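Have a look at these structures, which come just after this line.
Across the two complexes that follow, chain A remains constant while its partner is chain B and subsequently chain C.
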Partner chain A sequence: MKKLLCAMIALLLLCTGCEYKDIDRRIFVVAIGIDQGEREGNFKVSLKLALPQGDVSKIDEKMQILTEESTSISEALRRMKSRVEKELDYVHCKSLVLGEGLAAKDIRHVLDWAIRRRDIQLILNFAIGRPGALEVLEIKPPSERIPSNSLIVAMSGQGTESPFITSVYAFELVNRVYEQGVDPVLPVIEAKGKDQFLIDKVAVLDKSKVSLVLTADETRLFNLLTRQDLRTNLPARVQEGKVQYYTETSSSSYQIIMRQGEPVIRYNIKIKGIIEENSTLTEVNHRMLKEVSSSGGEELRASVEALLIKVQQSGLDPFGWGLHYCARHWNNESELEEWERMVPRIRFEVMPKVEVKYSGMIE
Partner chain B sequence: MGGQGDRSDISLEWIKGQLSGFADLEYRTLQTSDDETELLYVKSVTDGQAIGRAIIAPYYEMDNSEAYYRYLACSPGSHTEVDRKQALELVLAGGVCVQKDGRLIICEVPKAQSAGVRETITESVSQGPSDALSEDLEVNMNLIRRRYQSAQLKMETAVIGNVSRTKTAILYDESRVDHKVLAELKDRLDALQLDILQAAGELEKYLCGDKIRIFPKTIVTERPDRVVFNLAEGKVVIMLDTTGYAVILPVIFNDFFTAMDDKIHLPIAGRFLKLLRIIGVIMTLWLPALYVAFTSYNPEIVRVQIALLIAGSRATVPYPSFVEVLIMLLMMEFLTEASLRLPKAIGPTATTVGGLILGQAATEAGLVGNIMIILVSAVAISNFMIPLNMMSFSIRVLKYFFILASATAGLVGVVCCLVGFTMYLCSQRSFGQPYFKLFVLDSLGTDNRKRGGSK
Partner chain C sequence: MTQNRYYIWLILMNSLINIIIFVPRELIDGRFTGTQAAIPLAVLSGTLITFMFTAVIRKFPGKGVPEIFAASLPKFTVPPLLVIFGLLWCTAGLITLLSFVDITLRFISPDTRPLIVLLSFLVVVCFSVRMEPLSLLYGLEMMLAISLPLIVYATFKAVVNPAFSWDAVLQTFTYSLHTPNWNSFLAATFSFSGYINMAIFNRLFHQLKLKPLHIVIVAVQGFIILLLSFLVPIGYFGTIGVGKHIYTWFSTADSIRIETFLIERMLFIFYMAYLPLSLVSVVIHWHVGKELLLALFPVPKKRKSSSVRLWQEGFILAAFCAAAFSLMHLDQYELNQFGVIFLDVRWYGEVALLLLLLYCYAVKRRRAL
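And now, the complex of A and B:
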């Protein structure tokens, strides 16, 4: 028994272990950008590599971008392996940027690759890069200390709480692409020069390619309707003056109801707010707060209705109404067709319940 | 009868013959004008002043030799009827042989060489008594009896060791002790065959029997209040003369993480301290192993910021991560051991030179990463949070198993190792009692009992 144990330990010492590779022999890929290639059907894959700093106290960002064009993504990555001395490690890759050109054609190939590779996590953030993925990867904001960190932090919503950013994870995207009755959305990142980016738009896809890009204002409303507690400011008009109120809490829900055989989607939006900006220069009292609440609600109703009608007319379904309808009906064979016939006839009822309850901090 | 026969021919000369070659053997003849008395004793174990006061002075004060003999026979600790074996034992234990007119009396005048009651060294507490068990059994008994004034506290004595003849006391509270444990202990003590017994830890080794013992199965303590606390819990305490430590058994794993000042603290603070200790054990066991796993196998678990930081700090390190960890940990072990052996005056120098300068220089030279230094210090400090030394040493060794596992299989190895050790702990028994018993279940039981009693 003892001899056997000794022999086993001796054998164990001979193994170096599987996948043993020290962290300093790896190079971390923090972002991947995929564009259309020069030649038709090719992919231009760009990797943003984070180079570790030797001296931690003197932080200056070091990064490297590799670009390779090939007929397939895997081939491009293998070719890039021979251009760096360390092993490329994708485990910390947190964002994948698709070029606008590629997104206008088909994203499903890239999506399939991203979720099939086991070392790329499913919490990868997807986005569309404008004008191209490489340009977005090359952005280096001066506030950034770790390569691509600003992109990761901004896209995942860990840092900025901008109401214009919608974060989309790989698992969400693949879910929306293959689920019936809901359409995928992707945030659009615009490169503004070499050290700034702008993420304030959302692209709605028809399962495979971009077919509608919402404006910044519409994106904010889209986020208001799909997310809890969106922190934003919304306008209201009182006594010919302009007031902006800050949403402390927000929630929205909808019901699909049939009224005399006609489908109606009724949105309930509840917002509790604080006045943030006031151009009327009058004292804010209880009556004024009521006024702000009701006029803010009216304004919100008009803009949300406009957005909903725009989405309806495009024939897309980023809110998942179809899925919602199918989930509440039993006739599995015909419900989806029924829904599709119904879509053009849908009317919207938006019922905002804005409650501005506090005047802000002015004495 | 053999005893009778022995006694008839026992004489001072015979004992003297048996003890020939003793440099500290003292043979004296007390003479007056008409009378003569012989004295024989071993100087090093007897109290010279007491001999002068109690044996020699009365001899010259009393003229009547018959009265002197009776005085000796009546004085405490004297023996008149002994056989050869007993006589030798008594003399070796500090007896004085007095032979007068062919009649032999052995008076006990032992000298106890003890330093009195010291302060605790290895198990200090912030509040609470600071006296430690001493090397003298009588003093220890005094320390304990004073704290445990109950007629139920029984003490049995035995002598262990053919040569060392170590006096051993077994203490237990008769109304609370588990008699099965007591019987098993006595069986094991009876079966012991050894020459020298000098330390409490040694006794533990002989009692437990297993060859490969990783975890201590008995508590070795120097605190009388811990002894009393455990007696009240129904445990058996073995005390050895000349050691200054007591052995407590049976124990469960959790006992090793109980400090004596837990009782003193407020409940929330006490729980917090206990939690700290458990976190300390977890840190000291796992941190080095997790470092190896995270740097060499699974860098995806830590955040990208930390991964880059580790990669940066390891950029100059020329060897694999587990070698780096082993080198630093060994260095730390050397430091701990060295500062233990060093004279107290040099101790701080060793820590400064070793800890500060070595660590600083090693990182500056690029031999170890910055993060490694932080990690090793955290491991070293948290290791000493365990109140009992024996367990602290076990944990110190155990972390190398975890490093080995993580160097061969990464995080999976660490998990396998953890499961393995949990299974091992569960399979262990301390004197028939499950070693890894969950204390939560226990306290639930006592709560119920308390509630039942108050009704």
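And now, the complex of A and C:
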């Protein structure tokens, strides 16, 4: 009895190996790009493949880009399988770039595909590629040693702490696409030649397609309003010159209040800063620190208000004001309509509290 | 002579396993139609039933349900009752098992054949089911010691994530005024069903005492776990998008990134935490089911008793495994439906068992007079 049992277990152990493919029979897809096809309704799918290499010290970036056009994404992927000798593995795919043309039409099909596929992570970074997804995938910065690493690191915010980059994961995008009272946003990656990219804009979508692209300055303010501790420089004007201060900590919150029946959104922005650049060439003293704080706050108020009004006039809601309002009202049937009627009448109050505390290493 | 804490572990196990057994799906399906009100009700009724069941089974120290039934109920009613309850426990294990096989195939190894996965789980489960009940409780404690910190870590990471949408959570709160949803209520009471395993494990407890503290622990852990399993996915996928996910909690774990660790995806840690826990829960449920059904067979004479018992147990387990294999053909919706029906039937079963035990106690009292 015991022997039989042991023999059976031994046989079972043999069994597990049969469907496993070793790493040298796999090829890893690190980024997917999806563009509109040449023909109407087609998809042009591009895959950036990383070739696994053994010795890390002698590593030499090896990558390959496959492009295939087909009527559906899955079909294109299957067709690409017969163009490489190894099994395509999507488990390590970290970014999905949508072509600008596709993003201007409808992203929901691609999003549905990415969420539905079981081997694609929900912490996949989504972005819009300009002029197209393929061009973005083809970028190979000289500083890059692992294929597509620069794109991954930049998009997820692990490497550069650029204040202009908004990272959006697949689960956030799918949340916002279906949620009422908040609209999805996506970062825009621009290809500058073959070895540089620029990520400094954010696109706001009306649930399905891009309908507003913020400028770099607006994107920075957008990040300031939606993120904790944004590391950036902000301008302040004192006397005749300009001063730039660096934000060591920042936080922002808002409330929706009704004042005499009129909706007011009040933003409280708190920033602690340090002077980084001073063009006045005068010595900084305590009085000037105060002046920098107050004029910096003024400048911030003006630019944030301009951004908020621009967003309000576009009719979009990347900040989730609608959801915020609904979450604090109990008339679930009518609250959203009520909010939508109110949107054009909203007034904004921006209350920046900038405290520049240090003058840097010199006075 | 088993200590009281094992009783709490049994309850905690059921509470934690609820995310495998379709409870969050049921809760989330009712998010606009009364889950919020159903949860406190489930906590109340769950705690009450737990308390009553434990209070009544305490009166039969060291005895399991088969012995209690045999002593107090008419002869002809005992076998059908044991079969019904045995099948109920078998189904509880089955659903956890099938659901976990499905999760493994979807999230961890899509290339493996389903039957291989099921077979390897069944081998582990069948060997463990035959262990001594006391060893099972020790094993349960060990597995909880391994899994619980990981689950707490995953939940903590989930809630402190800046991408967690508190507005969506508040928005679901504003739907609280709806009348309680019966399906959500039935699903939510599953969190408290751990006590029901005492039907067999009571054989090990001779001096089970329920202090008020225990009741508070039962109520509080159930309430917290239910709230988390209902609200955390909503914070990630939004009030509307959350309805689109099948294994809501595994998708949620897939959405958490760990920046500073060897593994970047929380999914694997979460899976590793739930793998031992769900297998232990299957083992415990099947152990109870097996013991209930075993009482139907004649007790063997002393000689060669172990081999006869072995064949009897083997027969029952083979039947359980056959059920598992035959249910593998269910598609996603059928499995879900099966799980939901089980969640509903289970509650009525629990209430019936409680009433039967109360009746048995009354019989015992009358005889003692």
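Keep this in mind: the second predicted complex is superposed on the first by the 349 of 363 C-alpha atoms of A that agree within 3 Å, B and C clash if a C-alpha of one lies under 4 Å from a C-alpha of the other, contacts with A are read in each partner's own complex, and residues count from 1 in each chain.
Following the convention adopted for this analysis, a residue touches a chain if its C-beta (ideal position, glycine included) is under 8 Å from a C-beta of that chain, and two chains touch if they have at least 3 such contacts.
Since this is a predicted model, take the numbers as computed values, not measurements.
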Is the number of chain A residues in contact higher for chain B or for chain C? C
In the overlay, answer first, second, both or neither for which of chain B and chain C A:Lys242 touches. neither
Is A:Arg341 touching anything from chain B or chain C once the two structures are fitted on A? First, second, both or neither. neither
A:Lys353 contacts which: chain B (first), chain C (second), both, neither? neither
Quick check on the superposed pair: does A:Ala50 touch chain B, chain C, both, or neither? Answer first, second, both or neither. first
For A:Lys81, select first, second, both or neither according to whether it touches chain B, chain C, the two together, or no partner. neither
Check the residue A:Ile123 against both partner chains and state whether it touches chain B (first), chain C (second), both, or neither. second
Given the touch rule stated above, what does A:Asn149 touch, chain B (first), chain C (second), both, or neither? first
Footprint intersection on chain A (chain B / chain C) at 12, 15, 19-21, 119, 121
For the complex, give me every residue of chain A touching chain B. 12, 15, 17-24, 26, 28, 30, 50, 52-56, 89, 91-92, 94, 119, 121, 146, 149, 152
Chain C touches which residues of chain A in the complex? 9, 12, 15-16, 19-21, 115, 118-119, 121-123, 156, 158, 169, 171-172, 174-180, 182, 227-228, 320, 323-324, 326-330, 332
Over in the complex, which chain C residues touch chain A? Could you list them? 32, 106-107, 110-113, 116, 119-120, 123, 162-163, 165, 167-171, 173-175, 177, 236-241, 244, 251, 254-257, 259, 264-265, 267
In the complex with chain A, residue positions of chain B that touch it: 294-297, 299-300, 304-305, 307-317, 320-321, 370, 407-410
